[in-house]
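Below, subunit A partners subunit B and then partners subunit C, in two separate complexes.
Up next is the complex of A and B:
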């Protein structure tokens, strides 16, 4: 892509003080990602791997301990006061649960109007016009404007939440599991809304989700995160066809199949155990404790990121072999509990 | 195996009366589960799938008056109309429960071992020491490594997957004949979900229990269940063997749900398939077919009367859609 990235995250680190003295939880550890204008990018990983913390740090809901977040080339950590507020406006967050992210006592109109007031739209007529326009953009009739958000269904609420974040003309939306609280038959509608917004408004979107199939279809590129680090990154099709980090391979293979004929014959590669504590992450490669391919060297140093094809990188010693299909993290697994 | 199913639910209707409103979350639903069989009950939130299983066993929030009609027979014994004291004896003994969120299902201030042993003491009249031994056995059964150490731990010291294994161990402690698992993997990661599902399937087979798996996720059904009931707006839309219903769904709602799951062949950036509209809100029973406003096959007659659940062209599959059933020959 020849364009400059709209959002650039450089070596970002977010750590929290642990309950144990002098210990830190490295929720996000040296993460660099890029988002180009009008692009949907997926961020996947198990819970506790730091994907939400990464999203929250980008928008400033958590404080980064080191690293930079650049919006249109401007370092947000260098800004303060009004300049920071102005820049932040371009960066909006859509939360997972539309039941807790909206104020039940406000009407839909008030919810969106408030965002417009904060954005500095003075004239009430203008705000009214804009509210209608935003509701239309997210596929809600302007009649819902007078209804309380508590009267709406989950899908409608999430549309209101999206309209609210669009009110300030953001350039980047960070969507944290925006459809996982919604019913199955509603999800597609909200996903299509994201696709349309990206096309019509050119908003870039970091799509944080655990549903891999959903991410594949929506995102042009995908980052795979494990214990605070990006372990693999690449164009969706390439990454899903040739996952080259053992973690990505096992994550993709864990997704259940709907067709019982396939599901029953599947020699299930099961991921061993669960994510270790980020307070004491394993030395070297963080995935080594669960990795079927791990060798002694994996404990010594963090494996460097290898470029496998244009735009496709994976941080594993065996990434080259895995990418060419010479080795696989699958098929050699035994069922084993943590 | 007996001819009589272990759990036989027929024409179950549940009415809920709260201070403000009257609801019918379950409307004339029938199904059965045999020993050693797993039945999946699939539906969206508000479709009645949880209430249907919990109401007959007295697991309803306080402040709600529950009115049941129809029949729920467990090992030939009618549960509807049974006094609460009798039902209490069944809960945890004949029927084991697994809930969605393992953290809130466990007591945070008691050790794991005690929580499992308590069940064995209560339901199997075991001495505390015998119950502790049984707890150890159960923890091994659910595939937990270093079982002795785990028994001394508290729930907060364990990961989500381990906690769910403990909840399963507790459910098994009373040697139940029927296991009701309500969204057992929804709070878990996809990687852990696969492990827990396999464990559930494994213990169900080994102990030859009947299992009811309540879920909103079609993905977890295929690997675990033998039969499936698809619920929509308090009613059963389609039911039959998993091999048939998931492979060639007949009811427009089942078709829509399965069709809505993204597939690998779908081009990147392409539209997501789904059902139009939104599910009806719970309230008064709907006169016609509840899916009518969202259904592509709907004809005006669909609004007139509730479509009966009848045999489709495949006699093992029941479908509540007159339009589909009319075109039996074509399907």
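Up next is the complex of A and C:
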């Protein structure tokens, strides 16, 4: 990648006040990611690992407690008021639930029109033309324009939401599980829409999902997140073929297989135990409480990121061995169970 | 007709008797000047205290004024004063409530503590204090009652505003970079007004009772404007000799209050989040009871 990243997140930290006094929930802890123009990047992890919070913090829906978000090299945390709103507009968010993300009182036309007004399109004719164009881009007939959003199906509503995001000409689209609330049959359609838009418009896309197969199909690079931290990151082909963090290995192995014969012969429950509380994360490596490879040293310090191949890093002491296939978290689990 | 069907279906679900009572109240109140058969203020001492007759359908009062006309004009007085009290109270309540719900943080804390203080003092005492300072009169009464009434609508508006602000479609606007003005006036305020107006219906009965109470005490609407509470006071000396004079305005007031309460509760139960409604309805029932107790004590 010789291009400059369009979105650069540096050491971002988001914490929430806990119900317990003087304690904080570290939802996102020291996360750095990069997005290059026109690429789709996946962000995967279990529920509650902070992937949605990371997305929401990047677009400013949650307040970052430290760290920086740079959009085209401009530090957003240094801006405020109207200047911040204007700069951050290039960063758009697609919500998981298309039912609550649209105002039921508005028609489809009004919803998109409002986004165009916010983006500063003055002339009504121009807005009309753009509304038609945007609806066409997301595969909706312009006749939908006069319908109330509550009259539409989930898939249609998500298309409207995407059209609304595109109305402000974003450079980066952060999609928070954009298809998981949709019917299986609609999912593929909306996914294909994303791929087409990314190709046609060159919008970079951070795709937050727990559906690993979906991410593999769409993303060129993948970040794996666990308990507020990025544990592994790399090109998706490489990462899916050679997962090198014990967590990634177990996460990938726990995805159900389509073939029932393989599914039946799978090793037992792969993910053992619960995710520890982010209020009180384990010392050292955060995965050590569930890791079959954990040794005493893992509790002492955060394992450094190891570069395994160009662009592929994993934060585990044994990453090198795991990457070369000398060890496996999955085999180790069987050994310790026996 | 197609446009009317959903409205009719909704009306059908409401308690019919209450709906008819309130419908009648609104019709009489709105068209009172044209409906009243006689001038409500014309005195004729020769006909004072007469029972029902062809000339005076419901008889006359102690000054010989036509009771039927006075009752109808009093509906108008009541409608207008209740409307202005609720209008003023809702305006203050919705504005402060939505500001608290929009800003949260210390603004929210401050405004809600003010609301708490307002709610903890009985509304009759607030009204009496205001009237005591400014002096009795129509607009003083409206002001006094509005000051006593706004904390409740402020509390509800804030609850509604908070729930609207946390909806993803407001978050989507923030991500689009909408200005605070657009979010507040374009989305938050219209959404809140709709829900809080529903609650206002439930409050109208208590407000009507409060207007009557203050007028009964001589602190609200001043004679010769016909008003139910005031008609009760005028008729009080004749309670034993001619109970008709007391009964008629009493019945009119009772019907209006019960009608508003029943209708308001049925609407509120359908439209506003359940736990909130339950608490609010309980508070309001206690409120109605306290005003009517005040009435009987006086």
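One rule holds for everything that comes next: the second predicted complex is superposed on the first by the 328 of 338 C-alpha atoms of A that agree within 3 Å, B and C clash if a C-alpha of one lies under 4 Å from a C-alpha of the other, contacts with A are read in each partner's own complex, and residues count from 1 in each chain.
Simple rule for what comes next: contacts are C-beta pairs under 8 Å (C-beta built on N, C-alpha and C of every residue); 3 or more make two chains touch, one makes a residue touch a chain.
Note that this is a predicted model, so its numbers are computed, not measured.
By the touch criterion defined above, A:46 reaches subunit B but does not reach subunit C. In the superposition on chain A, no contact is made by A:24 with either subunit B or subunit C. Contact with subunit C, but none with subunit B, is seen for A:101 once the two complexes are overlaid on the shared chain.
With both complexes placed on chain A, subunit A has more residues touched by B than by the other of subunit B and subunit C. In the superposed model, A:16 makes contact with neither subunit B nor subunit C. In the superposed pair of complexes, A:260 makes contact with subunit B only, with no contact to subunit C. Of all residues in subunit A, only 40, 46-47, 153-156, 183-189, 191-192, 195, 210-214, 216-220, 236-237, 240, 250-251, 254-264, 266, 268, 270-271, 273-275, 335-338 touch subunit B in the complex they form. Those residues of subunit C lying in contact with subunit A across their complex are 167-169, 171-179, 182, 186-187, 190-191.
Chain contact summary for the complex, subunit A toward subunit C: residues 59-61, 82, 85-86, 88-89, 91-93, 95, 97, 100-103, 105, 114-115, 118-119, 161, 164-165, 167-168.
Contact residues on subunit B toward subunit A in their complex (touch as defined above): 44-45, 142-145, 159-162, 165, 189-195, 197-198, 216-223, 242-243, 246-247, 256-258, 260-264, 266-276, 278-279, 281, 294.
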